[in-house]
Amino acid sequence: MAIVLGPHQYGKAETRLVRVVRNGERHELVDLNVSTALRGDFDAAHLEGDQRNVLPTDTQKNTAYVWARRTVPDPIESWALSLARHFVDDVEPVSAARVEVERFGWQRAEVAGEPHAHTFLRTGPEVRTAAITVGPDAVHVVQGLKDLVLLKTTGSAFRDFLVDDLTTLQPTDDRIMATSLTARWRWTDPDAGTDWNGAASSVRTTLVEHFATLHSLALQQTLWHMGRAVLERHPGIAEIRLSAPNKHHFVVDLTPFDEPNPNEVFHADDRPYGLIQASAVRDDAADAGDAWLPFTGLA
Amino acid sequence: MAIVLGPHQYGKAETRLVRVVRNGERHELVDLNVSTALRGDFDAAHLEGDQRNVLPTDTQKNTAYVWARRTVPDPIESWALSLARHFVDDVEPVSAARVEVERFGWQRAEVAGEPHAHTFLRTGPEVRTAAITVGPDAVHVVQGLKDLVLLKTTGSAFRDFLVDDLTTLQPTDDRIMATSLTARWRWTDPDAGTDWNGAASSVRTTLVEHFATLHSLALQQTLWHMGRAVLERHPGIAEIRLSAPNKHHFVVDLTPFDEPNPNEVFHADDRPYGLIQASAVRDDAADAGDAWLPFTGLA
Amino acid sequence: MAIVLGPHQYGKAETRLVRVVRNGERHELVDLNVSTALRGDFDAAHLEGDQRNVLPTDTQKNTAYVWARRTVPDPIESWALSLARHFVDDVEPVSAARVEVERFGWQRAEVAGEPHAHTFLRTGPEVRTAAITVGPDAVHVVQGLKDLVLLKTTGSAFRDFLVDDLTTLQPTDDRIMATSLTARWRWTDPDAGTDWNGAASSVRTTLVEHFATLHSLALQQTLWHMGRAVLERHPGIAEIRLSAPNKHHFVVDLTPFDEPNPNEVFHADDRPYGLIQASAVRDDAADAGDAWLPFTGLA
Amino acid sequence: MAIVLGPHQYGKAETRLVRVVRNGERHELVDLNVSTALRGDFDAAHLEGDQRNVLPTDTQKNTAYVWARRTVPDPIESWALSLARHFVDDVEPVSAARVEVERFGWQRAEVAGEPHAHTFLRTGPEVRTAAITVGPDAVHVVQGLKDLVLLKTTGSAFRDFLVDDLTTLQPTDDRIMATSLTARWRWTDPDAGTDWNGAASSVRTTLVEHFATLHSLALQQTLWHMGRAVLERHPGIAEIRLSAPNKHHFVVDLTPFDEPNPNEVFHADDRPYGLIQASAVRDDAADAGDAWLPFTGLA
């Protein structure tokens, strides 16, 4: 009954890297949060404190900066693939590398109605994400977005649910449905030459449109329809995962004040919240391997 | 040398109020964070625990909801004025009321290129703000915005500054300048019939345009020019305050790797940050009274 | 190549539940954040919007409250086990339930040097955690703690690491080592009658003592020794996972000011940070199943 | 009706400075967040972009580090006074300086029941604060604490309050009272040789004891009694300000489940919350000047 070293990984988290492209007077801005994690032959570092196989996390940070100098990290997917492959190919003890990138949104400031050449405004809260895994046997690209806050003021019901002794919820045919969506989708072939930015934009459009147009009987149903539509539209996507907090908006009871409240005044509550997670998968999708294991994933 | 009760106020903070307007099929959404504070004859509550003059904070919350039912809180300024006046006029012990509102941005979701009737996406991080003070002698309206994140990739220098024995900073003629702007501006006459939404939009445009176009020798200079321009354009504004963290973007030193870095790769640092605060004022502006004292202001 | 529903779960997250025990005049306080997630036969809810199998998340919240009324949730593990078993045993479509609990620390206020009967002070930032999985085939208890911030001012080195072309880090024999520790450990037999509170306290002591006393050649080594010691001391623990951000403390360069700085003045940096994750496992440990899959885990 | 430059200040915010004292093998740890702001003759920087009077915020950071090397910043008050005086005395254009310090709590780790020589655990969430203003005419020291979370499970009522048409709150004779206290107190004579650490500890004890022992008829009453007691005990304190969010704990209604709930199970709500602010002042206290104007105070 020996005690042995189990799964382990290490890396540099949240390198806040900004890349400016100076095409003459009209600049471009790429604003990233980059995290890298390495997996491999690091047993001696744990067992004996022998660091000979350990590339410092400080070096991982340097590498991200140098990579961003050599290649503009846009789209983030191909840049992160290159960075992850470098760690696996060029650093002997590394058998797998995980690179995760968050890209913050910016738009050009307008001056006198025209987009300005070098001034930008942060957009959000939505963030675009990429998670790359390069392993000994497989390479995975998981694209995504998070903090996409969506709300519909009607077109959502919740009724005919399971009722037990502790159920007090009343059914409703018309409620606000709101969420802060996290979506991630895995591509079958990371080297298929996908137009990463175009694909991300298209998936986002599909998600938003189906959230808007499906008359929802439950958030579960909405998620499934959003996910299925993405897979239908993008044959190259093997699976998609959707995580959606149900951001409750409660109709305020104004009857004590003789005020009607026909779904007009709501309290947006913080906690607790429902959390619904669902996925759509191709039934012949290749095994995901470590595609879903984040750099924080061994906690 | 007696010990006496000093300044005091109390209220309900951060009521998360969402108001939906159902004009047929095309809905409108107003998403607010409302805080109210009352000032007045509450000495007995402190000194003896006598609550007879104390309108519960729970009632302040109820009142905000009822007010939002009766009047759509858009623009937020006139709605908050009405709410504050109610507390002062209708609740005997209240001599002054402070109402602060944050309004979160939403835009309509697009479906097939058309704005959807009842589905919305959160925009941001920018938030629009209003701070109303109704007192025995004066009424103040302070409009504002916060978390407007601006960045320019060139057109900013910092040189010829004061150098003492502990100065190591090198002058620069070209740097990234970035901030998360908070701006608040006080109107001379809250009852002048100002188009609050139009004014807020116009001020925002002025701020963004001057941030973009001034070749900046210092963030101080930029703030002053932004503020002065707002006052020049809006005769009804008595003063404007600008608070701007200098969100440092440091050029990464790539010389150890024989990589040039001509202002292309930056590290966006978290802390510490510079904090620059400046204001522009009309020299004949009436006294601000409690206009700048927030509901959190006695801490 | 059909598109099918993949993994899914749903529940109520972050119910902030406080339980007071009134043993005469001396009260006890249990302050919890409870999240529940159900897995099971919910396909129809996704595919057709048919909610007949769906116990509302609102009911899950009610259930947590009722459970806390019937049984004081201390220790959190046995209480959460009971709650999870209720969902699986009593709610037909539920095949597995996940219950996660955070318990916030409080100590009695002192008055005139004596612990007070009913007044408490929050302690922290450390939080005690439990994650229970009750499935069709197995029951898992993962105990843990998070946000335990540890720092040693000496007794930590980092040298003789792998150096590549992009490495600029200098080796050091003496540095500050600091982390905000997350630790989770899985028990082999959830029904062995473990003294949960005693065990959690003992594991914590072991972790802190080994962090303090090991002369560390790397954070990896420290984590391994901490984890191994826990397993050596607690035969009932099958595995332990440790996640440790390397909270960098950089020696400030004071040489421009002719000031020596013999490891006395440091800058505590925010981002980026190293992130080291390691685990110790018994080589005959039974399969973990879903023990490590959190209620947020399908994102 | 000219537009003129109004109030302004600038500085370096949130320098995270850690100072280690190495008295042989037994080390001491001082963990600070330092913010400085300068006020003075900086008009040209705003109006013309002329930086000749502007000491860079980077230099302010350097200065904090050098000051911490030369003098251990414990107590924080005397150290911050020295730093602020340096800016005013040694930097010509500076007429006033504000230095604010947050000190994070740490305790020694225990190993085999004994305090360890160089390993520490973070305590909290409570933070000790100091705010120093050195101006042309006066020097102010405001000591404080924040995030001291207090809760009493009984001994608090709220009844006989003002009731208007929109009041629905029911009176109660027994409720949970909880807050996250911010307290700040201004000393009459910053150079009186006050034992800053001893005084801070004593004030804290007084605050906690009066929170615990007063049978509270309202949070207002509790704050007043806490504040008055501090001034009674410390003749050197001119005034104290207390800011207390009412962290609502609502009794959960379990009657639908035929469960009694005699103040045992509560929901700890997030928002909205009451916010009560009160102060106790000596009636002969000298004018506070800028003592209460923080480095963020012009927003």
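Each chain gets a letter, A, B, C and D, in the order it is written, and its residues are counted from 1.
What we mean here is this: a contact is a pair of C-beta atoms (placed from the backbone, for glycine too) under 8 Å apart; a residue touches a chain by one contact, two chains touch by 3 or more.
In this text the structure is predicted, and so the values were computed from the model without any measurement.
Each chain gets a centre from the mean of its Cα atoms; the one farthest from the centre of chain B is C.
More C-beta pairs in contact connect the chains of B-D than those of the other pair, out of A-D and B-D. The distance from the centre of chain C to the centre of chain D, each centre being the mean of the chain's C-alpha atoms, comes to 30 Å.
The centroid of the Cα atoms in chain B and the matching centroid in chain D are 23 Å apart. Averaged C-alpha coordinates put the centre of chain A at 38 Å from the centre of chain D.
For chain B, the set of residues touching two or more other chains reads 15-16, 62, 66, 166, 168, 257, 270-271. Those residues of chain B lying in contact with chain C across their complex are 165-166, 168, 256-257, 270-271. Interface residues of chain C, counted against chain A in their complex, comprise 1-16, 35, 37, 42, 45-59, 61-63, 66, 90-91, 93, 158-162, 164, 166-169, 182, 184, 216-218, 220-221, 223-224, 228, 231-232, 239, 241, 243, 245-246, 271-284, 295-299.
If you check the complex, the residues on chain D that touch chain C are 15-22, 27, 29, 31, 62, 65-66, 68-70, 106, 109-112, 116, 118-126, 148-155, 176, 205, 208-209, 211-213, 249, 252, 254, 257, 259, 261-270.
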